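Submitted below is the structure of interest, expressed as structure tokens.
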């Protein structure tokens, strides 16, 4: 098992960057998820680590050794492909045995290892089947088995469960988690599905347009997105983003004005002061739906707004509140707002409110004190 | 999308590219040799060492199209001087042109070339037209014993031509169809038909049924749907099949050798028959060959996309 | 309903393609591809000028001349009105009903006296009737390199080695010696060029020339007895000689016919080259043969016993019985045998069979090879002319080719085998 | 859905034009009739003659001889030699085509400048007339002035007139013509192997040779076998090339023997019998191949 360090990785086609100045270190035994929309460079990064793709500048180090000029076969890593890449003419057994046989391990040793892996993946009964006879989940188990059987320094997975249906995806997710815990392998995992990323990762690395946006634990990237992109990419439903201005005054000492005065929310008094210390042109406010606190009766410090759309999602509802021309989505107990058109009273949880510079999109890193019991994560 | 490769691999890659280029040149060399010989002076066709660079001339083509006879004594200077350039070229080669009255006697080559065209074009048209209809039938309708029928159709093409030629010859001689265009057209149509059915069935299977079904729902009859929807969709397949049928009919030798003599003889059995009297004149053979290859070469280039698809497709379907 | 349409369509197409059959003012003569056919075309163009009847000479290479002709005959096809067919076709042509009986025509014009005796015997007659008009006389002869033969250094070296003067060979022994003498593979010079093609009668005719000069025969043409004749000691010696000569040929000489033998002279490959006289015009043509001035010709030499013969080539012209234009063809033949036409034929380069023309000084001196041709025409012998001659030829090729070219077995084995094959064939057709 | 649409279309078509059944018959029956009249009927016709001593060249009465023709042919060592020669030719020629064609496909299966043009140019030989190609290769092979001996420095090496070499010489020409065909099919097969399998193999530390034998070859095998079947059938039928290029007994393939027997010796009855023997051999070979192919496809 090993540590993987990416130092100043760059890759471009002509003038177009695929990866730009990427620095990332994946610790020994760590499970890192590369997350981002399609075309953001995450798969290219993963393939570059594997040696399936060349890079133009920078170092890829595995256990401190620069490997960017080594062929895939010399890097001692395993790779699980999105479409499994099982050898169609070989049985599950032969597929798993393939990497061992390729390096000429003895017959007995191959057999022992293949059976051990198959047992841990619970696919012993499928070993004589060809891939075409296997279900998607079983094919992926075989593909993972083929990766695990070698005990590689690192496991690289490229959207390994992206091709499965929803139920199976969930099942495989927990299975991958279990396997990681059992095997302790350093893992780099690529996905565009933030739920998958949150549930699996020790740390998540979010990429966009070839640039690494933020690296952190799932909690960190959720709670403290470094910019608008991360803020909107992580979390479902997405974070509310509204243009805002801040002024002193009001009951709480400070006020945030949404748009052209469509709504005015009270905020802690130290907000204007803290903003003064930052440099920005104009502000964008970001707040997740659970940070919008709603009351069905008139409440002090709350602003009356009209419920525009109600999406009942079972465990909770998402209510779209109309603020001028814009919508503010709030998460409520199910059935709390009964019908569209009702007026409800809302305020924003300061601790869950983020401020971004409109121009750069970067977070201004204003973290206001948490209030008790308002978090509903 | 390039994987990290070892330096050794990159070198092999470069060697492979060079090897491909060399092999391609080797494969093309005989064709170049045919083409260049068609423009060589007679003496250079068999010169040792072989001549690669030379002043091209069209004398071989002049010879190809005329009937000639060897000079038995040198031609008189005033006759030579009065002759047009092409006739001088023939005099220079120690021959003279045959004339009936004043008109130059043409060789049978243009006739044979025309025969090739008539036979190849007509049989291709018939084979492709019938093959397309039959393929559609097999592709869209339920037919009892479909696979057996298809295998039967295909099996008619596996026989060596001579095997078929014996009974066909006997039948043709009863009805007087040897050495007729029709006789050859029927043979080539039968020969290409099975191929055409197979190839076209593959293409037809690829056209979604939903297209016609939509047309039928819109009030077309099935025939209208076939002609207005299916045929345009099948253009690529028809083109590929037609080119292949044409090339096969154009180049066919064994049937033409056995079944034709004078009136309907095509070029393939004729060209080898023009070896010349007394001494082989390779330049004339090359000129005849060159002209004969030209249509196919043009076809190959113009329709290379279809061809590539046709070759692989026809084979894979089987 | 549909079927009717279909047949109508086919019939329509058939009409479109076969309309050219009717016009009667066209005659087609079928012959092989060689100079005499071109000379004949030139000759018949005069007939066209005289009568308005177009006459075309269609040709095909020697290698498939026979096949093409008989495919057409056996299909009862009318593509050809006349054919200038090989002498050995007479049996098949007459008994198969392919040829029109010309006996009355022959007698009426007293052709048996007009034409040279050998040509009447071999080109026209089968089973007591006449089936063809002798048209092109021919025989196997030899070309040689005068400049090589007359080189004083060579003459001296030859005399020193063989004890007699280098010159035109008088017998097969000398032929062999000269071939051996000039066989110098290191200098790309070789001794002799002979026929070895086994596809029709090329090699057979080369071997026949040797066999006949050795005093041998192919069999008894009246009783069909072959055992003891085809495999006689003379024939064994002749075939062995032929194989020996093959050893002095240029490389790649295992399947050659007239073109290659002519090339042997034009390309400076061989000192001597066997060929039929009708192929010699190319050698006399300076545009084609750079050595034309240095090429000499001689008739087939004697055998050890002093007998001297040559294999017959040449053809008579027959009317095809399936022709639509038989009357017109008759008229053509009447024109063809006219004395002035025969003279013209000879002038153009054709080998007339007319005795009067043949014996004239003018003819014998017209070319460097006409004299040798004239001599040869009085010592020719021919192959079987029975209808099954093709099977006999195949057997001969199959038996002798592996021995001569492939070096398999012995001459005696090959000829014994041939005798057995021929015997069996004759038995099969009830001839003995 | 489809079923409903189909039913509806059937009724509509019946109401407004020919029924599907009529169309089917119009489309298919002419072809079947044509093939039966011009392919099957002649074969039945000659089956009858194969039991007689019929000769198309003479007017002798035709006698029924039973199985005599077959018996004599099967006991004739010359016929067996013809079959042996044919088999030799098939092996040499198809083997060569597979080696050259597949090799070429392996070389071409990468990024190469002008790949499309090169592939098209390589198609040219197989578009040509075998008869004309054969004729011209005689010039190329000529020991005195042929370009081949000159280019290879072979001096006056005998190609076509040496009985031991002629078969290979003809096969080389056949390979020249048809290796591109094998190449084309192989290339289609090779490009159908998904790239990610090679990546997986690279990750699995398989070497070049191991990848080739364990991944590439098994996956290309079915299409390669199709190419081999095709070429074997064609090589077995070979007539044009050996007939034009060489008249050696060592290149007298069964088609040529059949041609000579039928159209030179005019043993019509006997040649019909030989045609039937050839037919049975061809069907047998096809069957063996088709069975093998199905086996490969099952995998």
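Going in written order, the chains are labelled A, B, C and D, and every chain counts its residues from 1.
The rule is simple: a residue touches a chain if its C-beta (ideal position, glycine included) is under 8 Å from a C-beta of that chain, and two chains touch if they have at least 3 such contacts.
Everything numeric here is computed off the predicted structure, so don't read it as measured data.
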| item | value |
| --- | --- |
| Relative to chain B, chain with the most remote C-alpha centre | A |
| Chain C and chain D, separation of their C-alpha mean positions in angstrom | 38 |
| Gap in Å, rounded to a whole number, between the CA centres of chain B and chain A | 62 |
| Rounded Å distance, chain A centre to chain D centre (Cα mean) | 59 |
| Chain B-chain D separation of Cα centroids, rounded to whole Å | 17 |
| Sites on chain A at which at least two other chains make contact | 51-52, 71-72 |
| For chain C, residues that touch 2 or more chains besides their own | 71, 74, 267 |
| Junction residues of chain D - those touching two or more other chains | 26, 30, 56, 142, 144-145, 199, 202, 263 |
| Complete list of chain pairs which touch one another | A-B, A-D, B-C, B-D, C-D |
| Touch list for chain D against partner chain A, complex | 194, 196-197, 199-207, 210, 214-215, 218-219, 299 |
| Residues of chain D touching chain C in the complex | 26, 30, 33, 56-59, 78, 142-145, 156, 158-163, 246-249, 260, 263-266 |
| Complex interface listing, chain C residues touching chain D | 2-3, 6, 63, 66-67, 70-71, 73-74, 92, 95-97, 188, 196-199, 250-256, 267, 269, 387, 390-391, 394, 398, 401-402, 405-406 |
| Residue numbers on chain B that touch chain D, as the complex places them | 1, 3, 13, 16-17, 19-21, 23-24, 27-31, 33-34, 37, 45-50, 130-131, 133-134, 136-138, 141, 143, 149, 152-153, 155-156, 158-171, 173, 186-187, 189-190, 193-194, 197, 209-210, 212-213, 216-217, 219, 221-224, 226, 247, 250-251, 253-254, 258, 267-269, 271-272, 282, 285-286, 289, 292-293, 296-297, 299-301, 304, 307-308, 311-312, 315-316, 318 |
| Complex contact set, residues of chain A against chain B | 51-54, 68-72 |
